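You will see two complexes here that share chain A, one where it goes with chain B and one where it goes with chain C.
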Partner chain A sequence: MGDYLLAWRNIWRNPRRSVLTILAIVFASGLLVFMLSFQFGAYEDMIDSSVRLSTGHLQIQAKGYQNRPEMHKVIKNPDRLLGKVAALDGVDAVTVRSEAFALAAGARRSRGIMVSGVRPDVERRISSLPGQIRKGRYLRDGDVNVAVIGALGAERLQIDIGDECTLIGQGRDGSVAATVVRIAGIFKTGIDEFDRTTMQIPLSDFNSIFSMEGGAHRIVITTKALADDRPVAAAVRMMGEASGLTVLTWDEMTPGLRQSIELDLIGGIIMYVILVIVVAFSILNTFFMAIFERTREFGVLMAIGTKPFRLVKIMLLESLAMTCVGLLTGMILGTAVTLLFSYYGIGMGESSELMAQYGIADRLYPRLSPLSIIIGPAIISVVTFITALIPALKIVHMRPVAALRG
Partner chain B sequence: MDLVIAWRNLWRNPRRTLIILTAMVIGITSMVVLSALSRGMIDGMVDNAINNLVGHIRIQDPEYRVDPSIIRRITHPQQLLADITPLLPPGADIARRIKVDGMLGTSREHVGVIIVGIIPENETGISFIGRPVHQGRMINPDESGDLIIGQALLERIGARVGRKVVLVSQNQEWENVSRSFRIRGTYRTELAQTEKVYVFVLLPVLQEMLGVGEGVTEITVHLEQGKSGKDDGLAELVSALNTKIRDSGYIAENWRQMLPAISAYLEMYNGYMLIWFIVVFIAMGFGIVNTMLMAVYERMREFGLQRAIGMRSSRIVRMVMVEILLLLLFGSLVANGFSLFLIKIVFGSGIDLSLFAEGTEMWGMSRVIVPALSLWDLYTANGVVLVLGLLVGLYPAVRAGRFTPVEAMRHL
Partner chain C sequence: MSIVEVEEVSKIYHQGKMTFKALDDVSLAVDKGEFIALAGPSGSGKTTLLNLVGGLDLPDSGKVVLDGNDYSKMGDGQRADLRLERLGFVFQSYNLIPVLTAAENVEYILRLQNVEKAERIERVQSILDEVGLQEKHNSRPDELSGGQQQRVAVARAIVSNPAVVLADEPTANLDSKTGEKLLEMMRVMNEKRQVTFIFATHDKMVMDFARRIVSLHDGKVAGDQKKDE
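Moving on to the complex of A and B:
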């Protein structure tokens, strides 16, 4: 106990120096808590918007559909699988989607478009698209021969709400598929590519137009939490009905998303480690100074029989105490600032236009998590401990007589 | 004289000075090197975007952007070319193209594509299609039934070079016209998405297929400059072009106008860098202040003595400031040398991110990031360190000036 008190008192011998040292640690740990929460929040938003808009957390598809989507690669009996999947633990919702490429024609202009058949009632629960209708309404159960289309697609085809649009494509069996749909709604997700090339129609219409004969291209599953994706995928793979089919998680369907998150995280961690090393060198002088100005004192203590390792221990306690005070204060401040911003959000300014292409909202909300609070301070405590060890070990080589003279 | 004294004072305690110099060198080096790397990344993004058939300046019908159909075309490009060529700087390359939406069909399926009619020899050095083909060979004027598609699209439709496919598009009477083409070769780009979208045929062939005579949908100018920081004069050139072609009804735009999302990001980019510089500075600022405070307190007796023999406190402040200035200058000198070494030698051939190919692809980045040192980054990083360094240095300096002889003599 005496050693702890001694270490604590030693810190306050030179309050100005200690406060500056602690402030450096407060700054670094506070900043890291905020930055990591910010990054994690952005990642979660990106994953969530991609999962909600297009892939879901998991999909069941026929083998080979992911790389080369072709009409005839179908899940033959989706309904039985659907019921069993919905009963699994961790599954939030499950639906069926089918897709076909078709030539869409307005009054004059025509262009190719991806037509997707969906179940309106389930989509309302799992997809973000129904909430992004800018004009008109989303599909409803019981709708016949209506469609919603992306804003850019509508602009190119020069069609609006209530207008008719002709679709010509190829059915599952290779026959010609043709129909006329009326535009009920126009959506705008902000992702230009998506808004230009996508149209949704009710699944029942889709099945008859494209002669699906009960088959479906994708079973889309959303889970209650992001971390549930792998357990649910494993459970689905075990089902007898899933034999001959593939189960894909969101990151297998959008590998670019996962990789760019990894890339950004690695880049971030490199920056933070550099920052922490700079801070470490900034405070190394304090630790050295604390020892050198006390050489005589150590000499006396060693002359009356104190073991050098005890002195090392006291010095380490001293620097650890400073680090801990700094880390705690930094974590509290960082958490407070993060909470403030997670309430108000951070505007992305002019970058928001670029970010929108990746489904990132124009305001980002940092998200505090145990991980984002711990990682930064953990890096800092490891680095500062090494920093404190270097000068403290000097004491071991001190000789009492020489120290007394110094 | 002051300089010599300050320099010597700095090295009274070499270990202390070396430690704080290390902090500064790591800090400044990280500013310069990381800014060069991220500048290289941005340059790569901009280059990829410009080479993606955008070009530095494009002339087209003002309606074409929202309605990219063949009726929005330049009917007599020769006249327009004659008008603009004298205004362009030497080294500028010009390409004429038709770019229309269409579909590519095989016996089994159809996919949406953008059909581009090009004059192959004009594309060299302008866009990715001007580079050597990946498989097969380039289309040439003797073989009018040929087309080039992206490698990713070839794999997507499961075809081979030499196979026939059908292209469908709309002519100016809004009729669908189709024609069969033989896949003569494939191209590769940085971005697989691009490979899936663009298919290339000869310009005269597409003109004939769509029945538009001489007409093209765009005239693209590629300038001999490019990088994000170096396009001074681009806006002026574009407004000169627009004045010249005003009566034609067409409009010239530069790439910043055509790629608003990337330009907006570029506008913000310097701000992001500045924030990073300041953050790193703060991390070392605590160290600089603490180290200088130690140095000053150690010499309290000395300062007291100087005051006692009549030296003004402003002179003492100045001496300490000169010391800090020397420390900062020396630190940034070493750091800049070290940064140049890292940028030119260690990272000179670029950092390969192929492991994250799909991630870089998503953002339109290149797979290899070559650091690009910009003067703005270099000046700003060093400027931040010098200006803020002197600012926080005022604290120990003023403190040194305040020691009174009596206080100093009492202090042992």
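Moving on to the complex of A and C:
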């Protein structure tokens, strides 16, 4: 008990220095909580919108389809697999998509386009696309010879709602596929590439136009949480029905997204390391100064029979107390600020091309998680303990006579 | 049987390539209950000798024995324990821990000795009263005069029931009146408790109080004078 009292009083013998040290810890830990929540939140948003818009968390495909999509590389019996996958733990929804490259012709112009056959009812649940219709409406179950198209694609073909569009392509069996669809809706996701090249039609139409004979190109799975992706993928791979097929996770289908996140994270980590080093130096300075100032006192204490390790313990208690006060305050402040911004969001303006590329809104919402609260403070506490240990261990080598001489 | 035995002790300091013989073949025996001053001009080796007697430093040759314990045969930790149990220290200045009150400063050594709380409080109270600091138990060192601070230091040196108290220039920073009171107080302790006091000093007044004066000169014992009562 005496040592705790001594440590606590020692902190306040130079209040300004101690307060500055504590403030450095408060600032660093608070900032880390906020920044990590912000980054993790943004990454989750990025992944989520990419997953919602295009890939889903997981896909099952025929081998080789991901690298070279060709009409004949199909999943032969998608429905049996579909039912079994839907029953897996962690699976939110499953659907089937097929796609074909076709020549689309409006009244005046023609262009190549990616035609995607989808199940409108399921897409409404798992895809963000139905919500991004800017004109007209999205597909409905039972629609026949109807399509939705991206705004840039419509512009290039010079077609609008209600106009007809002729599609000519090649069926699964190599035969010529041709049909006429009426445009029911025009969507705009903000991702130019997607808005220029994508058209969706009901899967039933697609199957007959492109002679799919029951085959499908992609089984698209969304999971309840991001973290479920790998366990579900593993479970699917175990299924007998999946033999001869591949299971891909979202980051395997959009490697660019994962790289962008990693790059951004590394940039963040460099900043955090600098921040933690600054805090470490502030601690180091505080304790070297403290030891310098108290050398005679240590001499007296050792003379009357205090063992050096007891003095080291007192110094470490001092650093521990300052660190705890700083970390706790920092975590509370960081959490409060994060909560505030997770409510109001942070405007990103036009600044973030990266985010636009993955279809993210211009407001970002930091997301508080146990991980984002703990990581920063945990690192700081380890670093401050070690940096306080370095000066404190100098005491072990102190000789009482030398200390008494100051 | 002497409580302190110094036998043919030499101490050499090294400073870079220079060596300096601070003590040269010094022998000294101190009996229990003595009140003794080590006198001599500045640089004659008083502090050096006191540090050796206190086991704070070890001689280059010869041996120092405290109450039957030969320092040369003990480790750092054992000597620290011996100091804690058998010795009290009073220095010229910077004696007290500035963040602890007078009472806490005195109590600290009893904590080190693992004395129980009730007994600690009782012993601290009575020793502080004994050194005349009834009103000042809860004052911090910076709220005390120099003389009062030295009284706290003496209280701390005494409270642990040591065999020997070593005091290095305890009066050097005090005016003569305050110094005299401190010395009187220490002599009362000496007589009442049979605690041995060894001073290092060049204060004339300390020598007047002492009952034996050992004079050092250039690291050698130049005189050893016992006063008759």
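The criterion applied here is as follows: the second predicted complex is superposed on the first by the 402 of 406 C-alpha atoms of A that agree within 3 Å, B and C clash if a C-alpha of one lies under 4 Å from a C-alpha of the other, contacts with A are read in each partner's own complex, and residues count from 1 in each chain.
We adopt the following convention: a contact is a pair of C-beta atoms (placed from the backbone, for glycine too) under 8 Å apart; a residue touches a chain by one contact, two chains touch by 3 or more.
Since the model is a prediction, treat every value here as computed from it, not as a measurement.
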Which superposed partner A:44 touches (first chain B, second chain C, both, neither): neither
Partner chain(s) touched by A:164 [first = chain B, second = chain C, both, neither]: neither
Which partner, chain B or chain C, touches more chain A residues: B
Partner chain(s) touched by A:103 [first = chain B, second = chain C, both, neither]: first
Contacts of A:275 with chain B and chain C, given as first, second, both or neither: first
Touching partner for A:262 - first (chain B), second (chain C), both, neither: first
Partner chain(s) touched by A:92 [first = chain B, second = chain C, both, neither]: neither
Touching partner for A:297 - first (chain B), second (chain C), both, neither: second
Contact residues of chain A, present in both the chain B and the chain C interface: none
List of chain C residues in touch with chain A within their complex: 51, 54, 56-57, 77, 80-81, 83-85, 87-89, 91, 94-100, 104, 107-109, 111-112, 156
Chain A residues within the chain B interface of the complex: 16-17, 20-21, 23-24, 27-28, 31, 68, 70-71, 101, 103, 108-114, 155-156, 158, 169-170, 197, 255-263, 271, 274-275, 277-279, 281-286, 288-289, 349-354, 356-358
Interface residues, chain B side, partner chain A - complex: 15-16, 19-20, 22-23, 26-27, 30, 34, 66-69, 101-103, 108-113, 156, 158, 168, 170, 174, 176, 260-262, 264-265, 267-268, 276, 279-280, 282-291, 293-294, 353, 356-363
In the complex, chain A residues that touch chain C: 2, 5-6, 9-10, 12-13, 296-297, 300-307, 399-401, 404
